[in-house]
């Protein structure tokens, strides 16, 4: 079962066009990816960085916006890893409201040491955790 | 001369890794595009929507992150339109700190009527304003 | 039972001191108040403004910060109205993590017509909804 | 001359009521206080924390909202310290657009060591910097 992250879109997320401001939407997707790590690792980026000593900064993101997001429904973000490289991981995030696709996005992160920000391969337990969850990139 | 938009990156924009949080960076680029409109049209998206009756919602964005952003320097965002279609406009935004490229991004917007959100071609004065400012997409 | 609003504090809410940035915390409290309306009215500020034609802009807020907020625990915001005037409503919000009080705040809103922003008394059903939920201001 | 911090209010700061969302306004005031430190210390909270080893977390804030904030004008925030205690500092921030007072706020911070978050008196150079800039609280 693919991880689903629920976001409560509210008044303050909307701009005068009465829809969620585009500048907020990448942050919604990132929160969903953080939630994916929490679900599978037992903690999100904060745990990763502070307790485990590594981070996964973003090197790329791309998003297509298919339908406006409003506070009328919860935003359900479906998150899955679609590629695990030597030192990188790629996520796909699909955002839906009331069954309607609102956005789809691709996000590429690299594994780094927390202090130095030097790129490094993920720890074996991370690789073992991610591999069975990989989905086809489509 | 290409429009340059200055952003004051501050403590509150940074995450515990001591760099600007990725979820904030698309909003920086959007603010720069809004600034581009203000520079050339005499007002940004607020003016466009409220006074002129049209909007330019985003249908796509993609960003590559080249170097971390910190509060050590102002973030200078260079904005230029690179394509003007029948009903869409594409911007390129390059973000630099102290001369170092931090991100490059591509942003596609469509022209819509403010209330209905129906796609429509830009008004002639908008087309006339944008065309001489177009830069090669490279 | 007093309304409890759960906030998922994440990496992106934290600053380099590894605690939630103060600039984010009033927005947490506001989201909780919006949630209180949703719980009791069937919709938050968006519903109020767009479907019902009135709003409740803030005229005052004050907050005391008692303990740092981190992503280690969900932030549970307890919200209650503590005063209902002729044209205003006052909320108390208490934010706790793992049972520890993180902040307490007082928020005063006025009832206004949606378009004109003119102050007006709340509709009778709103008054009837709020009165039984009032708690002592303490 | 009292420090004036300019904020560019934009479309993305506004909610569907076409005014700056209340949840954004404390962050505007905080950015102005950070700017005050930058002006007088040569760097804001990031410099303070990372280079100097101390921080000034907030223990209290209160704000009165006098007039709506919009993208029509720059928001000019006037910042001044109004009290310097043994281990605390209080700022007043007045936000104006086009000469109209939009908000007034009071913000209390404590001096702490960066890592431990233990309260401590400010360094002598900080005290010397702040004292001549103090304004009457009134």
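All chains are identified by letter, namely A, B, C and D, in their written order; residue positions are counted from 1 within each chain.
Rule of thumb we're sticking to: a residue touches a chain if its C-beta (ideal position, glycine included) is under 8 Å from a C-beta of that chain, and two chains touch if they have at least 3 such contacts.
Chain-to-protein mapping (UniProt): A, B, C, D = Acyl-CoA thioesterase.
Keep in mind that this is a model prediction, so the values were computed, not measured.
The greatest centre-to-centre gap from subunit C (Acyl-CoA thioesterase), using C-alpha centroids, is found for B. Same-residue interface: subunit B (Acyl-CoA thioesterase) and subunit C (Acyl-CoA thioesterase) share over half of the residue numbers found at their contact. For the pairs A-B and B-D, the count of C-beta pairs in contact is higher at A-B.
If each chain is reduced to the centroid of its CA atoms, subunit B (Acyl-CoA thioesterase) and subunit D (Acyl-CoA thioesterase) end up 28 Å from each other.
One simple way to say how far apart two chains are is to compare their mean CA positions; for subunit B (Acyl-CoA thioesterase) and subunit C (Acyl-CoA thioesterase) this gives 33 Å.
Note: centroid distance subunit A (Acyl-CoA thioesterase) to subunit B (Acyl-CoA thioesterase), computed from Cα atoms, is 23 Å.
The residues of subunit C (Acyl-CoA thioesterase) that reach two or more other chains are 11-12, 14, 16-18, 22-24, 27, 30-31, 46, 49-50, listed in rising order. Taken as a contact graph, with one node per protein chain and an edge wherever two chains touch, the assembly is complete, since every chain touches every other chain.
Across the interface of their complex, subunit B (Acyl-CoA thioesterase) is touched by residues 11-12, 14-18, 21-24 of subunit C (Acyl-CoA thioesterase). Across the complex, subunit B (Acyl-CoA thioesterase) is touched by residues 8, 10-12, 14, 18, 27, 30-31, 34-35, 44-47, 49-50, 70-72 of subunit D (Acyl-CoA thioesterase). Of all the residues in subunit D (Acyl-CoA thioesterase), the ones that touch subunit C (Acyl-CoA thioesterase) in their complex are 16-17, 19, 22-27, 30-31, 46, 49-50, 55, 57-65, 68, 114, 117.
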